[in-house]
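You will see two complexes here that share chain A, one where it goes with chain B and one where it goes with chain C.
Now for the complex of A and B:
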């Protein structure tokens, strides 16, 4: 390619650069801007350097939210990935029930996030909710608005209900892609069901599982609407996760500087995890 | 060891996959199962292995009825069209897996695995994962796995299809020697006539779930039992044409009228189907060649051989002739045939006359 053509190429990508700049880079730069300044009004602003970052990193409320967030995302992965694999293995492989079960499984994924929160808020209410009343009637003292553990369990179950389907569907697709000859070969070898899972299905699922873990990690790490609607982050701040803490800071207390600094840290955490996953997947592709 | 199929049927949901199969496979023989796709080759192998039961009939191994003995209690090795290896295990562990499950001792496993890997020429790759191997090497690994425990029955279901031309030829030429000194019934399924001829041994021609011919490979090729065999067991298939034999003449309306060749002299007068292989048809005239007319459809020049596809009296024919010959599609064209190499099938579609070899 000669030099003139090369310059043309730059011109051709210009529209994309503009769109990306407008939709992603400019808003991000605004946040960077806020994170480095103390802004009182359009004409009165002071450069504060890293002060907001220092403040945010020392903030115990944020430490708490970050800690809970990590526990939550960890629990989500620990429950949903094995459960998703197990359920995918139980699904029929062919026949009329395949489409029925796939449609049923996809249903929770179609429900808007805040509607999920509302559904569970009503469903789990100890006074009128189906689940809440039932649990209390069998002698459990269940109240997700008063008891931190009850709140956690409810939020986790809600998330499992909402998102395990995604893992199931991904794993199911991965399982369907395994040629039947693999299972036959295992039968000829005399391999046990466990060996088939361990040495055929699990290795063949490696790719989709990484995608599932990545998606579930990102989604759960950003979770906002469902616990906000269900528990409002309570009781106390027992179920206040990062994004809700951030919203309180930015919109509730109008601490735009610290909120902006915190946003950037939050964003970097997710970016870092995603990059690690990206490298893992890339590495796996290279292996074959 | 011998394996006998007695009156085996396989019907799934009203669809007949296999129809009254009676076959005997002896140990030490190389058996080729030849048929188009959907002919029932894979189903037959699955029944032989015990992966699925026949709907009717028996599978007898060394005089013992094993029809309902599950595959894990039999001694079977199988190689597939896809390269089937455990993805997370090294080549060594892959080859060792059937031995481990069969309870061999560690030192015995090590000896057998290394011997087998060496025979298949993958001993230097023993620590790699299957995904780090080429397609040919992966299939060698799968073959080593099927062979390592000296199974009584080894089934190869189109194992070379997914390999490229060069690798296929290499592995194919090794196959016979791999099985030469084994006390094993070997069955090799393929769609390609050429593969059956190269591998030799016995050939069973399957068509739509039935055995249409069974015997020594070269015999089957030289004496196809009926016109269906000529279509399955020849590539390109044999050219066919209805003819009438009467008064020492062989005739086809408006196309051909010639004295009977020597090997057809004893045929009773009547209607026959004439069969002639593509390489006994010619673009150029020559001594003893009889001319007839056709219309050229396509001509393919494949290096040193020219294939001319043409329409002769409403049938698709192919000429396969050495050398490069220029013909033009749509051209009305005189082709020449060597009648002394022609076959005749009677009105019941049985071979009536074959050329002397």
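Now for the complex of A and C:
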């Protein structure tokens, strides 16, 4: 779509910039400050340059957390995106069941994040929780508080439960925007179900899919409250993801400098990934 | 894929989604002893004691009121600032537009852990600590970029000829926007409000950091069920069920808009 050049449009954008800048700029500057200083108290700060950055880049605990984080986010995307597309295709296009399905789908998204952890903490308990008892009764030796792999899988399934709906809702919106004429043309050509998906639906879904991938990547990379309540990061360090490691550093041990330095690196990782995605979206808009 | 198999798959998924929520609901209707000692699919001694406890204890109310207040404030602020901005992004080219849009998105990405202390310092220094408006403002960090993003999608779906005709007919921009344009994207506004509500309602870390008593959110009030004798699971589950109610009500009211809104925009 060709847009008119109009610099006064800045006036319409200004309120957004002011509101967001108010909460965004000062905290970011403060974190940059922390990352370059050694802070003992309000009046005794020393400039340490890139010392903290060097330190955190050598810290094995952080490497471990980062490694688990990348595996976790990768697994989240690999499961939730295809599952979300498949379920969006299963949703009825019209009729009374649309509202019912949408309401039920949206429900997990509206559970406060610590409550999500609380629900699963009991739901997955091997002695009194529905999922735990069921898994043990079919012969699996399942115990998420004792076994690292069980804990990991539980956090992953909890996340799938919690967030797949977002992907479904976004994809459903994308599917609804495809005109009927496309499907009619495909029927006349005798296209198979797979061909319809591959050559009509998937290309039209690209836009919303990128949004879904971006949001899921960002939120899974920042995950904190749910695993914290469910497993407390354990057993051992099995489910300690980046946010939790950082909170321990910043609040628990009061190592503000290194924690800040690492947050900035963390922020840059997310930023870089998102920027690549953003450019992809822009380029596709230009082509399409 | 046959139509029946599709619906079976969808049905199974919905059952999977509902099971943990069913379990929470059942927990809230059981006694603590039953929750922790026996496995039962439904309560053997059905009790509504937990609900009675919360509804008759006035110290539980402020949590719900605070959360509702700051979420509503957040939705109002987000929509007010995001509507004109989304219009600008969807209709005009201006200096730095694409960079500005990406900068907005970067605010969703900042990891909360280390940013909490600066947030505390910021709101403390401007005298907004422990107020509803502070939480609403802090949450605009991620609701506003999302709102702009979603609204821009809906607005781009409205043909530009409508704008041009209105201007030719002598409409001023505010009058055109409020009386013609806004009704056209009503469903989009509904969907956006829903997303803002959702993200503000479930966020806890920031809300907890910049409040202490006056604006304390319900999700934090809940943690006080940890008593000397351990966790009061029944009460915790009941409070949890009650945090779902406002969300469920909101979805119920906007369900038509969501279904219709999804049909219109590309989100």
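Methods note: the second predicted complex is superposed on the first by the 266 of 288 C-alpha atoms of A that agree within 3 Å, B and C clash if a C-alpha of one lies under 4 Å from a C-alpha of the other, contacts with A are read in each partner's own complex, and residues count from 1 in each chain.
In this section, a residue touches a chain if its C-beta (ideal position, glycine included) is under 8 Å from a C-beta of that chain, and two chains touch if they have at least 3 such contacts.
Just so it is clear, the structure is predicted and the values come from calculations on it, not from any experiment.
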Contact breadth on chain A, by residue count: chain C or chain B: C
Chain B versus chain C as contact partner of A:128, first or second or both or neither: second
Contacts of A:20 with chain B and chain C, given as first, second, both or neither: second
First, second, both or neither for A:190, with chain B first and chain C second: first
Which of chain B and chain C A:6 touches, first, second, both or neither: second
Contacts of A:260 with chain B and chain C, given as first, second, both or neither: second
Partner chain in contact with A:177 - chain B first, chain C second, else both or neither: second
Partner chain in contact with A:138 - chain B first, chain C second, else both or neither: neither
Complex contact set, residues of chain A against chain B: 179, 181-182, 184-185, 187-191, 199-200, 202-204, 287-288
Residues of chain B that touch chain A when the two form their complex: 46, 49, 51, 71-72, 76-78, 80-82, 84, 86-89, 97-98, 101-102, 129-132, 142, 145
Touch list for chain A against partner chain C, complex: 1, 3-7, 9-10, 12-13, 15-17, 19-20, 22-24, 26-28, 30-31, 34, 86-87, 89-92, 98-99, 101-115, 118-120, 122-123, 127-131, 133, 161, 165, 169-170, 172-174, 176-177, 193, 207-208, 211, 214-215, 218, 221-222, 224-225, 242-244, 246-247, 250-251, 256, 259-260, 262-263, 266-267, 270-271, 274-275, 278, 282
Of chain C, residues touching chain A in the complex: 1, 6-7, 9-10, 13-14, 16-21, 23-24, 27, 35-39, 41, 77, 80-82, 84-85, 87-89, 91-95, 97-98, 100, 102, 104-119, 121-122, 137-138, 140-141, 144-145, 148-149, 156-157, 160, 194, 198, 201-205, 218-219, 222-223, 233, 236-237, 240, 243-244, 247-248, 250-252, 255-256, 258-259, 261-267
